[in-house]
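By written order: A, B, C, D and E. Residues from 1 in each chain.
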């Protein structure tokens, strides 16, 4: 990739304009695409996702570790060796002890609310409650300053991906209790925090103790970063289009659909960057409730939905593609198929009616669809409403407040007949975190449930275990693609869209490779650091 | 002497007044202080005194619009304070009030008919002969055009409006009419008419009046007996001629002395001239 | 006053206590177990009866409090309006950070509407019944009727997008670039002040006209004072006194956040904080802003009462008669 | 919208003591003369006409939609350009014979149909809220003003509290937290809950002065009960105040409903409402101003009409009937 | 009193309003003279135009009123004066005492300030302190006790009678040639009324100023005025010396009025009114 040709040069201040503040500066707490990208600037782990401009940007590569981990024969013990010359921003060395301490923070019941993968894979007693309450982590060994050994609950061939999670980072032993890392951080990456005004401004400056020689991925061209927070989406677009002054050095998230028409202007068009979707927007159908307990009905839904209209309602062809599979194309393991095809993706009501008739529902029925009180999702729901009206299916919308939405639909007792939501992989190097969590019957819980269909099919469950046990990750990915198709035959959900991104970096920004999952901020730089 | 129609004994009324300023404490203010008075049937008792002397408060106590702090009121031999329900309604029918400001005392949004029949409605009594006819009759009695019974108070002049107030009082055939400054707001000529009307009604129907006024000249024209109030107390009471002719209390004397008067010699001359003119006129005819 | 504030506290607390999603669930995050929730609840005292919790909240207002216990305890210094578990910030800090922006917005708008309103009102009163008066009357009716977000959007469309007279709003501190700062706040000030200016115009006009009919104005003229003196001393002061009352309260209300205007213009003030917190269902923050706003109104009321005492001798000195 | 100035101001004018000047007592204007005065007022007539149009539009919404050929929920893919983010095709947001006011970006819904149906929501909510507010305000105001003392203290405290309360924030918070069913009824309740003190305060003040009038004493002396005095004697004297106040309240509530919908806590989609339309037009106003201008203009004109009408009615009432 | 010219000479004074119902004249072709040091009483029932007459003389008619005719003060025609010049006449030459002393005093200023203001309005180079002294003196002259302290009180701190004294003190401080008192005692109790009337008489005696006393109370004018003007619905019904009007009234209306006045020391009987029904 690469921006307009010019290469990035060291120096200058990079700006990021964004609407929402980062969830947490503390990586044990935060876990979402936006903040993960930010963590990459200030924290380092044993492994990490490859650079944004790498051949396979989804790949996992070593970071603090000399190399990827070596698993024992039984797959239960993973060993890593640290590089030399690693330091925190205060100059203290980073050793295996700091790594163990940092990782064990994930077990603290109040702090470790980020990625669950460490807890799900590393062996620990049931009552272990993090370093502040329970001391050393019993499942992690540090035989010497440079070696760290993890004992797993069960074999996990993708454990390198787990250690690339944002909460697997080192911290000085004893630090970070309570709210210590809420407004301040201890950095291990190329930048450290200068100022933080929650909700409006974050300033990063170089971490003088970060040694580029120990880091193969991060380029860290700019001298400083400024995150301007709390801006309205439209405002951001206006500023980027105008590109006045320091805004020429700015980047931001996806542009608004309304802005697209204005990006046709030649000078803007040449700055535009696009990125593929890493997430799938889908409608989950609750198979425990009639008539979605019938596979024909669920298939009929898949046929009837007008994905073309959904696409327009979500920002048009530049911002969304009709989805036919659960795994998006950009995630390793995607297989291209469409079990419920229709002309121009506009839906096939006849076929749907046929299917409904086969179970005696040709006169239609009505169901309740949970949606989030957020404009795009409302527009999508309204599109579904319109499309299903053609097959006499009446959709009632249950608009749920954004903050309580996932809580509500993740609680089977509160969930309605169907819900629209999105799903992204926890790491894109395989589809193992894409499809299984949505259909694994053994993961249905009273709260925080992801299997919205509540499908519990022995065949599916067995297939999941089988593929997960494969140590050849490439072969496993092929199987995930097959699995996707097998699941879609049962139609527990209707994939709706892959929401892509259109981005507009400032004129002076180079090597900007946006990504809808996590943009690699560490390789971006300014063409002319003296400008802006 | 027969028992009085109304007998008030030792009336006291205290108001709680809020103190002023931040630290002002609530104080008790005695507006009426040990007032005793009798009103006999067919008689007019005038209550005079300066502003704030407690005249209206006394009237409102007697009309049972406010409760006494202490003291008793007997009406036709019955303790007014003990009355409840039906008996109280009956008392309300026996005692009526005519107020000072004719406009303020008539509901501007009601027609004359509704105003004068209201007391009966409130007492849930039938209207004899129907509202229409009843109103016409009343209006005739107080000297108003019966055709105007559909009008609103604002469509009448002050004196006429005051007559409506009197008509309303008459509606329930009361025994006692309390007239609280009933003529004070009127121009002299109109005032004279209303005073004449009140006197005529008393002659014809035998009401008793408790006539409250600050204008001693008016009081003298209408009262049989007079009680003078000052600072919540009755300082002097007695027959009209006795109070006006031979006031005992210094306050009464001061009050009388302050009344502006037209020189008697001018009046005498005027009467002479008048008589002379009338003779001339008669002679010319 | 204190009663009203306590009522506000209680009412807000009850409502949010009833409506609020469990903060424990929010703290617990995405992958949560019922046991973890219970532990957090116990830690935060959420399992206590309502009365105890409300009491803790009240004492927190005056003495501060701590959330949780032991190493992970989070201190919330007095006046503790609560703790946002979504942003991991004490609500008081969040509000204090936003207050300067809201204050800037409020002060600017207040100055604008007071000047414009009183000036237009006076003009209208002087020219009563004439063209200027009727023209101003038309303007004020329009000003009162245009919903402020419609006005905000129209202005932005016209001045920024179409005509390009004003730059796109950008948060620039005053010290950095006063010119830009001024231009930046110009639209919010205008939008906020138009409705109020209309009301003040009408109030001023009505008060002045009424005062001019007062007997004491006639007395002043009968003394042979010049019209200027009559106006300045005898008409303006009584006519403008009631405006002070209303102004105090309006201003206090505005300090508590101009929700819509701040949202539309993307100003990071208290109002925007409230709006954002509502979208995120961050109840402690909503509650904090609500309390602050109510507090400001109540205090505004009190200040106005004091001012009134200072201005109006009838209130100041108890009747001596 | 945070501002409900009319109430503030109405107090200054309508809240004054009813002027009773016997010296200049002229017969009160009859209803017909009032009507004539009203008809002579061009602004008042124009405003009433516009309000009438909106009311008719709301009532006849299904018919009008029949005429224009598009329902308020109907998507029209052909009218928008998917490659430009769903921008309406054609001039002025797709204005044309097919779509009279153009279409909504993204889904091609007919703006005319949505305006017409949105009028229903706006009018229903505003009028119901006004009705409820008036009932609450009048009853509480009368009771507080008439009985005084402790009753008055309690009601006054509650009013003070409600008025000190940042109602907008609270309304949004409550509405966003409550379930979406019956959102319209909820809106009415919430708006009225915070709205009644403004009327009640004025009614209370006037009741306190009216209570001093001697006709109240007179009724009492005739044995009228408190309820009779309040409703038969005092209430009729408040009629002009109530009329003026309610007319002035309607625009406030139209604005409030639209504002709440604008903030996303009003009516539930896909039900159209003007405020919601304006809110969704925000990101588009630079490329598709028509999408903002239509609902914006309709809303503004409606609020303006009610405000002017209230203003005029107040003037006419003051010059005529309100006297005495 | 060698000067034969009257202090005030009013001729054909007409005051009209243009209302929605057309033009109404509330004072019609009024004419009277007031001698130097004389006291003129204007009587008439409510609405007869008494106040309008006084305001017309002061040039303080309300908006919408037109005035025609001639008003000569000491030979100067007032109706043709410009506003600026009229200002100099007001207060300095003619002072006015209004009916309601509370609403006629500005509640925002101390009485001292308001008296001093009147004094300073017509004198240049008067210091605050001097004006204050004048105010205290004036208050002493109207028998307000403890004037030096009371001068700093606000109007609402005085009783009704005291307020009226303050109003009179204000006119006194201006040393006018003519005092117009429009119903100065109507709001007061009889005892207070008597004091105020005495006070007015005393001032007239002391300063030699002319007085126009406007009232609806015939008994009051009879005690104060030496010349009487009777008005009815804007018309001058009768005028003459007090003795003549009271002892030999020419007009029926005057006779009717006099008959209607209840006497404190005369016979008691039906008060005579012209009609049993009052006129509509």
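In the analysis below, a residue touches a chain if its C-beta (ideal position, glycine included) is under 8 Å from a C-beta of that chain, and two chains touch if they have at least 3 such contacts.
The UniProt protein names, listed by chain, are B, E = ABC transporter ATP-binding protein; C, D = ABC transporter permease.
Fair warning: this is a prediction, and the values are worked out from it, not measured in the lab.
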Furthest chain, CA centroid comparison against chain B: A
Most widely separated chain from chain E, with each centre as the mean of CA atoms: A
Distance from the mean Cα position of chain E to that of chain D, given in whole angstrom: 52
Gap in Å, rounded to a whole number, between the CA centres of chain E and chain B: 32
Centroid distance [mean C-alpha coordinates] between chain C and chain A, Å: 40
CA centroid of chain B to CA centroid of chain D, Å: 49
Shared interface positions of chain C, touching two or more other chains: 279, 281, 319
Touching two or more other chains - residue numbers and ranges from chain D: 176-177, 264, 282, 286
Multi-partner residues of chain B (each touching 2 or more other chains): 157-158
Residues on chain C engaged by chain A in the complex (per definition of touch): 21, 25, 27-32, 34, 36, 39-40, 43, 68, 70-75, 86-89, 93-94, 97-98, 160, 167-171, 266, 268, 272-273, 276, 279-282
Interfacial residue positions of chain D with respect to chain B in the complex: 18, 20, 22, 25-28, 213-215, 217-225, 228, 233, 236-237, 239, 323-324
Parts of chain C lying in touch with chain E, wherever the complex brings them together: 214-216, 218-227, 229, 233-234, 237-238, 241, 311-314, 317, 319-321
Residue ranges of chain D touching chain A (in the complex, touch as defined): 73-75, 77, 80-87, 105-108, 176-177, 180, 264, 268-270, 280, 282-284, 286-288
Chain D residues touching chain C - in the complex, by the definition given at the top: 1-3, 5-6, 8-9, 12-13, 157, 160-161, 163-166, 168-170, 172-174, 176-178, 251, 255, 258-259, 262-265, 278, 281-282, 285-286, 289, 292, 296, 299-300, 303-304, 306-308, 311
